[in-house]
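There are two complexes below, and they share chain A, which is joined by chain B in the first and by chain C in the second.
Right after this comes the complex of A and B.
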């Protein structure tokens, strides 16, 4: 059986060794592969699961996706202890070591630039939920609402609730905007992820802000304190902090506003390893 | 209230980063994950599995 190469991250040469038993996505150990003064962290994965077709099928299997994502994160987590990794997107797979080396060669400058930009930084995730604390008070009656006696009762109650919701919604938006402004001013960079669906997270309340902040590791404590201080500012709002993460959300290409003149008219070629680099190695 | 969620990293938080973040490199074997499509597929699967356990409020009403 042939093994493919799953790449987790690229980083600068490690000053401390990777932990000995660092298990990757398919149970195989993750190891450094050095090339051109950079390190790709790689593990062997079976072709039967990670070739294009089976991978595509697996990615729609949530249990498989969850296990793979957690294993990927486990490797990245271990790396962040010893270095600042440039995390790759889930399921970046090469045929063999020489494919990984070609990738490093083709993207060397870009990788180095990004590593410089991220050096010593971590990502913090901040989510704001607004919880429906006032819905019970929203009705005219002070008593707990009985079951609706009729469809009309039900609709009337819904209308009252939706008015109350609108007020809360505006408050939530104002709260989230203010918090995001405050945290953005502190952070070096920010990314907004789409709000999470409550049905997915099982979290109480509605997610109104799902943001990532790039913060120097040395300033992390201050950042966490900044978040903590805002938590009780506003009733009905819940703030959740996750992290520190490797800088996943900031590992992509530099934001377009920083290099507007370089953006080509056509779809940007996201595979610089493709045409130009081929055949000249 | 959030104790349960914080026991381990929530899968959605992880997927926000692993499927939409990270450097996108075309491997020589495999697909580059088409982020939007993939996330939509997976989240839909998640939603439908979650929804199976959460009856819509309208069902209760219709029964009356």
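Right after this comes the complex of A and C.
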């Protein structure tokens, strides 16, 4: 076999077997590779797609990237059902099994510590969309608006409209802040992601909150109920819940004492690349 | 306000309700970074992330970072085009309003003057 090894995650030995037909990023099955009491979940990928040059070219292709990201996430999802995986970033590729083993040896302590910290926890994503803007604007234009009698009337009306718009935004912000406060109080940890662009998601409304919450699996049901209860509080706001995810947003934090050369980031989400420093160490 | 929500299955489940941005946000931008044998120049991945951020990140975030040039460029922003039209309209209406006032004023004086000159 001349393929490369694509690593999805590292976890503790599985108590239940992985599903039989678990297909990885290039169509090959994902399998556990045990070493030093840990397992890496690995699949073989063709060198023609995952060697440096082709991989770099592929990563620029949004369709390839989307398909690969979904396949990667599919494996992580399957792992999340049976264990608490430490998910690696997309396209972590080694030459062969021994390369994967060396990686595990080199990072054993850190991997174990992170796995301990995340054990039994999942990530829930909560997004708030603000839907009122367009509908109220449509409502305004539906009314038979009298033509402004003068330039001054016209200006006055425009001022009123922009004031109403401002009020809506304040309401949306207040709603999102209150919800985030409530959910943060329940969750063990939380991360704020940049709001998503509707052009990419096709979601209706404007994304005003995009947050991740770390919640013990055992308390997930309560968390979901909490989100459900809160989301009827305010008309015009739409709350979307995704998960349970593997604890992606919480896996990258590196304890400062282990890698003293990097600056510990208090808010990694606001410092792009902050948590990525680990890979260069 | 019903949204497709996930069952709180205690054993987890696939994140099927997630959109592509949700997935990319995590598999590309989060998770543990380990340099493999295949060294994708990290700068390239960062550049890619930056590129994607331009797509994924919101306008608000960009504004926070001080990037807002497209907003006022009518060639790039439909809102800027609308705003420009609106500004032009407002300006025209204001001029019209001033002209209306002027006309009323001159109309009155003309009215007073005319009868005097007629006889």
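In this section, the second predicted complex is superposed on the first by the 223 of 281 C-alpha atoms of A that agree within 3 Å, B and C clash if a C-alpha of one lies under 4 Å from a C-alpha of the other, contacts with A are read in each partner's own complex, and residues count from 1 in each chain.
The criterion applied here is as follows: a contact is a pair of C-beta atoms (placed from the backbone, for glycine too) under 8 Å apart; a residue touches a chain by one contact, two chains touch by 3 or more.
Computed from a predicted structure; not experimentally measured.
More chain A residues lie in contact with C than with the other chain of the pair chain B and chain C.
Residue contacts after overlaying the shared chain place A:69 against chain B and chain C alike. When both complexes are overlaid on chain A, the residue A:24 reaches neither chain B nor chain C. Contacts of A:152 after superposition: chain C is touched, whereas chain B is not reached.
Looking at the shared chain after the overlay, A:204 reaches chain B, while chain C stays out of its contact range. Shared interface residues of chain A (contacting chain B in one complex, chain C in the other): 4, 7, 10, 50-52, 55-56, 59-60, 65-66, 69-70, 72-73, 86-95, 99, 103, 107, 114, 125, 148, 151, 154, 193, 196-197, 199-203, 238, 240, 242, 245, 248-249, 251-252, 273.
On the chain B side of its complex with chain A, the touching residues are 1-2, 5, 9-33, 35, 38, 41-43, 45-47, 49-51, 54, 61. Residues of chain A touching chain B in their complex: 4, 7, 10, 50-52, 55-56, 59-60, 62, 65-66, 69-70, 72-73, 86-95, 99, 102-103, 107, 111, 114, 123, 125, 148, 151, 154, 191, 193, 196-197, 199-204, 210, 212, 238, 240, 242, 245, 248-252, 270-271, 273-274. Residues of chain C touching chain A in their complex: 1, 3, 5-6, 8-15, 17-42, 44-46, 48-50, 53, 55-61, 86, 89-90, 92-98, 100. The touching residues of chain A, counted against chain C in their complex, run 4, 7, 10, 50-52, 55-56, 59-60, 65-66, 69-70, 72-74, 76-78, 80-81, 86-95, 99, 103, 107, 114, 122, 125, 148, 150-152, 154-155, 158, 193-197, 199-203, 207, 217-218, 220-221, 223-225, 227-228, 231-232, 235, 237-245, 248-249, 251-252, 272-273, 275-276, 278-280.
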